[in-house]
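After this come two complexes, each holding chain A, first together with chain B and then together with chain C.
Let's turn to the complex of A and B:
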C-alpha cells in the first residue's frame, strides 16, 4: 500500500458554514507537505478529514489509492500529532510510546524492543520510565513524535505541534522534524500558520485562504512565482501597485501606476487594457542611477527610514494607508543612508516584478 | 485601645463562640458515654465507666442492623457508581438541545424529598409483587445517590482533555480500549470519591429507607427506635466510635496529601533542566536507519 494522500472534490460543511470548499489535493508518497494558512482557514479541518475524525460532506479522501470513507481514525494508516501533544499524563514515557502497540496486542518483549529503538531515535535513551509531566517542553515534543511513529503510520499528520515552544527551541525542532522525516521516509503533512516553518521544512507547500487552496508548489515557487494576488500578498512581504495594463511585450506587461509606467513579468490571464496588480518585493529594489531605464524606476519621498543593521528599511509616501510600501536595501557599510523626507529614485529588475490579474489580497 | 485591637479581639471571641457552638455538644455527648448515669448526661457525674461500650458491643439487634446498613451500602455502590458514570458520560457527549432536559430529569431525584422517593419506590415495586426489604432499600437509595455520583463525575469530566481520547483512537485503540485505558484511569480518583460519598449517603439515610426497609432494620432506624424507647448512654458510645473513626480518616488523608505535596516539590526541582541539555537529534547523532520495526 502506497502512502500518498489524495483529496478529490472534498467539501466539509458544518450546518451552513463551509469550512473546506471543493479541495483537490495530491500529497505525494514520502514528501514533507505543509498546509499554510491563517487561523480559521480550514487547514485543521482538512487534517481531521485525513485522520478520520471528520467525514467529508462531499468528495473523497484516498490514502494509498484506497477510499477512506467509513474507515475510523483507529483503522487508518495515519497518526496525528496534536497541537497540545495529548500525551497520556498518567502513563510513563515508555507506556505512552508503546500505547499503539499495546492496543494491537504486541508482546511485552516486542513492545519494549521497539520503544527502545524509538527512544534512541528521539535521542532520549533511558528516559522510558519517566512520567510525561516530568519532561521539558522539547522532550514532550519528541515523545509525541515517537508515540506516533511507533504505530508505523504511512502518513504522519502534525497540527502546529511547535506552536507551544519558545522561539529558539522551535527553530531547532524544525531541523529535527525534517531530519526525522528524511530518515523514516514517512509522508508528513504539517499544518502551520508560520511561513518560516513551512518554507524551512517542506518539500511542497499548499497555501490556503478561506476554505480553499490557492496554490501548491515548492517553497521557492510560492515565493518567487505566486499564482495569484492572494498568494503574492500572503507569502512573505510584497508591495502592491494597482494599475491598468498598457501593453504586453515578450511576456512583460507595462502597467500604468501612480508611479508612472512600470514593467514586470506578465502572468497568464493578464490582458492589455485590463486592471491588474504589480508586485515587487522590498528586497528587489536598489538605488537607481540616472541612466537606469524609466519603466523600472520609481521616484518618491521617504516618510520613514529605519536602520536595521544588515538592512535599511525605507517606507515611501503612500496614499493607500492600509498597506505600507516598503523598500529594503542591503547595508553595504559605505553608501549614504537615505533619510526621512528625502527624495529617492528606486530601481528594480522587471524580471523580479510580477504582474497579475486583479484579485483578492490577503489581509495584512 | 485602638479600633484595630477591638476588631481582632472581637474576631477571636467570635471564633471561640463558633467553635464552642460546633464542638461543645459533641464533647458533652462523648463525655456522657463514660458516665455511670443511666440517662445520657454529664451532670450529675456519677463516676467513670466503660460499661456502656460493653453493652454496645453486646447489642445483637444493633449489630444486625449495622450489617444490614453495610449490605445496603455495598449494593448501592455497585449500582449507583456505574449508573452515575454512564449518565455523566452521556451528558458530556450530548450536543443537542435535549441535553438540558435530560440533565433536569437525571438530577430530579436529588431535588425530590426522600419521603416521596421512598413511598413511590414501595408502591411501584409492590405492584410488581416485591415487598419492602434490603433489595428495595438498595433500589430506593440508588435512585438519588446515582444522581449525586453523576454530578461528581461530570465535574471531573469537565476537566478532561478530549484530545486524549482522540489520540488513543488515532493510535488504533477501539472505543472500549479508549475507555478502559484512558478515560477510566483519569476518573479513578473520582470513582473512589463517588464510592465514599455513596457509602455515607446510604449509611446515614433515614427517610427513604423508612418506607422501603419493610420488617428489617438498619443502623439509623435502630438508633431512631432506641431514642423513642428511652435513650441510654449506649447511643453516645456508638457516636464516640464514629467520631474517632472520622477523625482518624481525616488525619490519614491529610498526612497522605502532605507526603504527595513534598514529592511533587522534589519533582519540580528536578524538572528545572534546560532543554539545551538534551542531545541534538539532527544528522550526526541520528541512527543511519530507522530501528528495525518489522512486526
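Let's turn to the complex of A and C:
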C-alpha cells in the first residue's frame, strides 16, 4: 500500500459553519508537506479528517489509494502528533513509546528492541525509564515523535508541534524533524503558521486562506511565483500597488499606478484595461541612477528609515497606512544611508515584479 | 510559631490556633474519644443485683416497722391513762429505728442507679460471640461493598460521558438532571422507592409486563430492595468525584491513544481509569461510608426480616438502653470504615492529599 494522501472535493461543515471548503489536495508518498495558514483557517480540521477523527461532510480522503470513509483513527496508517503533544504523564518515556506497540501485541522483546531503536533515533538513549514530566520541552517533543513513529505509520501528521518551544530549540528541532523524515521515508504532513518553518523544511507547501487551499507548490514556487494576490501578500513581505493595465508586451504588463507607469511580469488572467495588482518584494529594490528606465523606477520621499545592520529598511510615503510600502536595501557599508524626509529613486528588475489580476489580499 | 506570628500578627495567630484547637478537640477528638471510652466499660451488674436485694430487705424491714407503729398508734387511742406513756415511748423507739435506717438506702440507691464501671472488652466480645449480630455486621459490610461496586459500574460510564463525550450545555442539563432528585429529602426519596418496589408497585408491573417474572418479586422483605434503594440514594457520591477528575484529563490523550490504535477498552484501562484513580477512590470511600452508615434506607425498604448493622446500634442506644454496647458496635463500624479507606488508598496507590483534593 502506498502512502500518498488524496483529498477529493473534501468539505467539512460544523453545523452551518464551513471550516474546510471543497479542498483538493494530493500529498505524495514520502514527501515533507507543509500546510501553511493563519489561525482558524481550517488546518487542524484537515489533519483531523486525514487521521480519522472527523469524517468529511462531503468528498473523500484516500490514503494509498484506499477510501478511508468509515475507518476509525485506530485503524488508519496515520499517526498524529498533537499541538500539546498529549504524552501520557503517568507512564515512563519507554511506556509512552511502546504504547502503540503493545496495542499491536508485539512480544516484549521486540517492543523493547524497537523502543531502543527509536530512543536512538531521537537521540535520547538511556532515557527510557524517565518520567515524562521530568523531561525538557525539546525532549518531550522528541518522545512524542518517537511514540508516533513506533507504530510505523505511513503518514505522520504534525499539528504545529514546535509552537511551544523557544526560537533556538525550534530551529534545531526543524533540522532534526527533517533528518528523521529523510531517514524514515515516512510522508510528513506538517501544519504551521510559521512561514520560515514551512519554507525551510518542506518539499512542498500548501497555502491556505479561510477554509480553502490557495496554492500548492515548492517553497520556491510559492515565494517567487505566487498564483494569486492572497498568496503573494501572505507569503513573505510584499509591496502591493493597485492600478489599471495599460498594455501587455511580451509577457510584461505595464500598470498605471500612483508611482506612474510600472512594469512587471504578467501572470495568466491579466488583461489590458483590467484592474490589477503589482507586487514587488522589499529586497528586490536598489538605489537607481538618474538614467535608469522610468518604467522600473519609483521616486518617493522616505518617511521612515530604519537601520538594521545587514539591511536598511526604508518606508515610503504612503496614503494607505494599513499596508506599508517597504524597501529593503543591503548595507554595503560604503554608500550613504538615505534618511527620513529625503527623496529617493528606487529601481527594480521588471522580471522580479509580478502583475496579478485583482483579488483578495491576506490580512496584514 | 514565630513564622506564623510574622505572617499573621499576634492576635490573628492566637485566634487561628484557638479556633483550630477547639475545632480539633470539639469536632474531631472529643466525640470519638468519648465513644471509645464508652465502648470499653460496662456497669457491674453483680454489684447492682446485690444492692437491689439488700435494698429490698431493708424495705421489708421498714414496712414491718411501719406496721408496728400503726398497730401501736391504734392501741394508743383506746389505752388507759397510765399505759399511754409506755406506748408513746415504744412508738418513739420505733420511729427512731426507722429514721436510723434511712441513710442505709443512699449508697444502695447509688449502686443501683449508677453501678461501678468495669473496663474491659466485654462489649466487643459480645459482638464477636453473638452469631446474629456478627452475621449482620458481615452482611452490612458485604452489601456495602456490593453497593459500592455497582455504583462504580454505573457511574464511571456516566462520568466519562459527561466529561468527554457530551458537549456544551448538554453536560449542564444532565448534571442538573442528576442533582434535582437529590434536592428532595432522603427519607421522602426512599419512600418513593417503597412505592416503586412494593408487591404491586411499578417495578413489579414492568417486570411482569416484560414477561420476566410470573409472580411479583418481594423486593421489600429481601435485601435487594435495600441494595437498590441505596444505590439510588448514593450514586451521586460516586459520580461527582469521578467526573471531577476525568474532567481534567486532556482529551488529546484519549485521542492520542486512539490514534495509536488502542481499542476503547484499552483506552479506559490504561489512560482514563489510571488517571481517574483519586476520584474513583474518593467515590468508593464515600459511597461505602454512607452505605455502611445508613439508617433510613434499610429501615424503610428493609422490612422486618432484614437488619442493617446501624439498626442494631440504634436499638442498643434507644431500646436496649445499653449505651456502652452501642458505642462498641459503633466503634467496630468505624474501624471497618477506616480499614476500607486504608485498603482503597493502598489499592489505588493514592495518598491522603489526593483524596482530600
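The working rule: the second predicted complex is superposed on the first by the 364 of 364 C-alpha atoms of A that agree within 3 Å, B and C clash if a C-alpha of one lies under 4 Å from a C-alpha of the other, contacts with A are read in each partner's own complex, and residues count from 1 in each chain.
Just so we're on the same page, a contact is a pair of C-beta atoms (placed from the backbone, for glycine too) under 8 Å apart; a residue touches a chain by one contact, two chains touch by 3 or more.
It should be emphasised that the depicted structure is a prediction, and the values quoted were computed from it without experimental measurement.
On the superposed chain A, the positions of chain B and chain C overlap enough to count as a clash.
By the touch criterion stated above, A:79 is placed in contact with chain B and with chain C alike. In the superposition on chain A, contact is made by A:103 with both chain B and chain C. Of the two partner chains placed around the shared chain by superposition, chain B and chain C are both touched by A:90.
In the superposition on chain A, A:51 makes contact with both chain B and chain C. In the overlay built on the shared chain, the residue A:138 is in contact with chain B alone; chain C does not reach it. When both complexes are overlaid on chain A, the residue A:199 reaches neither chain B nor chain C. Once the two structures are overlaid, the count of chain A residues touched is higher for B than for its counterpart among chain B and chain C.
By the document's definition of touching, neither partner reaches A:158: not chain B, not chain C.
The clash between chain C and chain B in the superposition falls on 7-15, which is one of the stretches 7-15, 97-105 or 205-213. Across the two superposed structures, the residue set of chain A contacted by chain B and also by chain C is 51-53, 72-75, 78-80, 82, 84, 86-88, 90, 99-100, 103-104, 147-148, 150-151. If you check the complex, the residues on chain B that touch chain A are 161, 163-164, 166-174, 177, 181-182, 185-186, 267, 270-271, 273-275, 278-283, 285-287, 289-293, 295. Chain A meets chain C in the complex at residues 51-53, 72-75, 78-80, 82, 84, 86-88, 90, 99-100, 103-104, 147-148, 150-151.
Residues 250, 252-253, 255-263, 266, 270-271, 274-275 of chain C are the ones that touch chain A when the two sit in their complex.
Taken together, the chain A residues at the contact with chain B in this complex read 51-53, 72-75, 78-80, 82, 84, 86-90, 99-100, 102-104, 106, 110, 114, 116-118, 120-124, 131, 133-139, 142, 147-148, 150-152, 169, 172, 175-176, 179-180, 183-184.
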